[in-house]
């Protein structure tokens, strides 16, 4: 692996896996002076934590983050205004693995040599040869996404304090069930991240699925408010291109939409383009990005997550000599990986916005922003 | 702009715009020994060229590429086997602008100060202030995509000669009309890149749209065959994440799908996962990528392109003082930008595959690939 | 080649060679609003131009730069304040080759297969195999350094306008002759970039060398004044590490010193450390950098340039079958490549300072600079 | 800090400081299949460890490295050939701080607000404002160099197993004393890394220095043998440019030479160029690099290290209000930082060679290397 790195300025580098000592996120370019403690990061990590109900994996990891470097030591500096603040050096966040069951590695190892349909083990075996044992049992696990959430927590905090930017995500569909939007307030009240008061239908649906030894996909929505105008690039590293990269890079994501997304195929230009009035944009088909640059509209992103590949139902596969065989997955798995993905998608969106916020002032800090009746860049 | 760059090894850097002297693509990491001439690149550029019919922009640019550096001079080296081959140094491709009409800049300049709904001019004005005149009239133009096609031509040629990899693209929907797949052979026979024998319905649809002063979106499919197994990364720079970045970075793209894409939301795990037999995969919901790594299945990508924002119909907007006004776009524009996008999407896909082909051998050249009944990596 | 790229923000990418169509520099991250024309770049290029006397190569290239993209078109925008200013898009500078003599390629080609002692042709043949014909005859030529000088001209202009930063360079030794420093004013008055009024001794020395069919080395000094305090990084991409990279990357450089350089080996700590008074630093052994970060002192750099490897004297070598042979270099060469290197070293220093100026504000724009009796950062 | 990163393929990212929880090195691009355990890394770390005698800092850190991720778990995989081997995922190495004395931070904090001449605290205060307390007391400490040595250990092991490449370093001068080269065997027998049997003169010299409350500089030599021919780049990221960056980036380094270095200023071309015979090169003024590409000669590098800035002798400085004052350094410091630098310089050289070894095969794996009587590239 040689691409575990995002960003030119706010750079996130990750490592670790389910069956390694733990997980790690390394952040460069964090502006100095941000008040940061483990509790703030832990609060975000709690949201994606598995084992909170019957819906996800039985593995129970406390996911307690350790700020290993990058923050002024609070205990010794008390009395000084900089205690507990970032100091400009790289921020290293560790999330040790505490609930490793090595017997599971063995199960994975066997499984990985009989590829599960839909699982990465076939591809990784072709790439790393026989050296990949712990990969299939580790790096592809949803567990590493804790590093993304931890890194995103830092970006979210800085963006909120600097620009008032906030991030929100929810599930909008699970399998065949479309979930109506009743309000953001409902999201933290249920394990689905569903924006509805009553999730009994969803629970029933999941119960059936579990009974059938099967899994299903999901659709999520993520949004960012109060994003400064003017962030992004006109080509290549466009705000929306980077968002697409960030989202498609989340395990199991198979589709990404910005704004109207695939619905824009059947829209007319006279409908799709968001008209402007002195009060602002009159719609958001753009999803907050035009020409790769943020418009000040909310960023609106939608993603499709495929069904979990590790299911109890037997599937047709081949063994290591290439003969036909059957594979049945054992081990600990979420029946719908989409359930845990909302905080991850929020975090990835935050990383992209953060990177572009810092990039923008690198090149354009001297631009005298034009007067505009619509709110100008906050920079 | 500080992100006009793709790749760690096969690196593509672009520049230029509609109203600059011309366009440029700079490629690093091109393996030495690739036979390359302007004709090969021109053949690809011809495909995306506007002005070939009534369907696209009236600007007529010959799009003749110049190999400015990176290839051994053919005229003086004749008799030597390396004439006309890449020599390992950066390949610079120039595509001069020959049909600039400066009166159009003036038209754009005025327009850009009265933002067209759906167009980047609003965002770019907020980013670059009043320095952006030529940006709205240039870099966001579909014209710069010639650089992508030119760069992609190099990647396509190398990948074909090394692995037999081929790239194919077509239009699958335009506005409300779904286009059936009758065969790749039809694609080059019509200006829509439609895989059908008879495009009269599409022409009629476009005619109505043009008459109405409106525009529509499109959906395209791009695929790559004979992609070696094992290319990509398990995290962050996944093959599919890089593809999403590449596709969403094409002008006007609002959605990207890999394999089953958004349809995977309603699929069950028992259906979605492509089962394996001694003869290979029995489906391609994966779209050729599992866990960020190529599987040897065809890469299958689908993208949504929004309707052209520059339309003749008057739209509600604001003037530079922020008062309500109307905007009517003049200038030269495609009624459906999706029509020209197929070769661009193919090129972007080729750039991603090329980058990962070279990355793979950097880290994993020593891996002894396991025996496999399914075709192993070609590397 | 896959490392023709410097910078994260102010990014310079180059291409081209002596016997290609021409040379190219591509700059990303140039802040919008910088007034820039070809004349400003040409003025810098004139300084490094060969063929100005008998001391350097007889090839006569006008080195006329073309701003191919990145600047608002002046001719059509007249009357608007942004005409002739950078617009934030990538700046492409072309320097076409106009004095190629293809018979020289042939001479080079033969020579490159009989390695000249001290020349890159042996190494490049091992790297690129037989595809390298034009490399030895091109990319290693001093000619490509025109791209560095052109790029540096942009950095110099921006830094001067923003911070008053200036760059100066001179020759301090040529072969056995140490050149005293009589004043910067003398530097442009002689082809040696020597800071002395009378260069007759240098001319005599060069005459003898030429007569002997031999070459010699040189030592240069480069300095930057009014560099803001606080630029650089504490680790890895230190200001001095980047300067060392930039200088050692210039053709024929074999040594780099910052401040006291190798003299610091015999200094005591009580002498080496520059003490501070309310009026500022009382010395400059640091050379303007401490801990990788600029101090506000002048940046002081010294480099060693080896003697030209292409000399008329016969040298012992091997032929392509590995048998002993003699090599005598024909073609056009400078007897002391150090003579032309001063403007190149200045340009490289400017690129490094520019990159770090933009980096600094990306991460640290919010830092409230402390009160200090010594001039604080200008940012 | 946003440049704590080296490499495109073999990428090293570091973090941590003296008074943080510990230090961290993150390596991407490590080829799978390398047998690696903590003992191998510890063996290298032992070499640079302070506190081994009276010559260096009294802080006593065991420097025990933890392989946190990237290696197949040995304890559970026993019986399988891949146990204890790298698996292709990022390798995270932790070196926890175990001997932090927080009272020292306080001492540093005070000191950092009264800049020590020659120390980074002045510059860092200007860069990070008042947020830098732990920086001056941490990241600039020689302690972080443990991460470099740990990372270098991985590169050294892979290069030795693949190509037989070995790395050697020694001290060649300390203050006024030039150290003759009696043999590499002596280097590990004394704390100076001096290639001599008898170091009593060096010890006496250091004793006097310590008594005087002063410090001195040093000159080191580092070399690499059996480096494949053809590694490096012709421009910008030249092998020698990257080496210069790597060396100048080591704390306190003020000068770097490759091969003949500054001596090449007074050499003639007829002397400097290493002539070739059927048996190989007849000298090594090149220092193993021509045109930025390795020649197969030994890489030969020499560096100058300045005297430690933290000395007991009182120095003239200014206080935080800018008034004249005196500063006397307390805390734990090496009297000659050059003593500990040899293994660091070796490690940095190994990182550069490793990166270019992987780069080379990315672009040039298909080159059919020419027949050569001198050993060809090992790739």
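Going in written order, the chains are labelled A, B, C and D, and every chain counts its residues from 1.
One rule holds in what follows: a residue touches a chain if its C-beta (ideal position, glycine included) is under 8 Å from a C-beta of that chain, and two chains touch if they have at least 3 such contacts.
Being a predicted model, the structure only gives us computed values, none of them experimental.
Here B-C and C-D were compared by C-beta pairs in contact; the pair with more is C-D.
Chain pair A-C has a twin interface among A-D, B-D or A-B; that twin, with over half of the contact pairs alike by residue number, is B-D. The greatest centre-to-centre distance from chain A, using averaged C-alpha positions, is reached by C. Chain B and chain C have centres, each the mean of its CA atoms, that are 37 Å apart. Note on chain placement: the centre of chain B and the centre of chain D lie 44 Å apart, centres being C-alpha means. With centres set at the average Cα position, the gap from chain C to chain D is 26 Å.
Among the residues of chain C, those in touch with two or more other chains are 1-5, 8-9, 14, 29, 32-33, 88-89, 127-131, 135, 139, 234, 359, 362-364, 367. Put simply, chain D touches chain B in their complex at residues 8-9, 29-33, 88-89, 162, 234, 358-359, 361-367. Every residue of chain C that touches chain B in the complex is listed here, in rising order: 1-5, 8-11, 13-17, 19-24, 26, 28-29, 32-33, 66-70, 72-73, 75-77, 80-82, 85-92, 94, 102, 105-106, 109, 127-135, 138-139. Contact residues of chain B toward chain A in the complex are 1-6, 8, 14, 115-131, 135, 139-140, 144, 173, 175-176, 209, 214-219, 229-238, 240-249, 251, 254-278, 282, 285-287, 289-296, 304-309, 311, 313, 315-318, 320-324, 359-360, 362-364, 367-374, 376-377.
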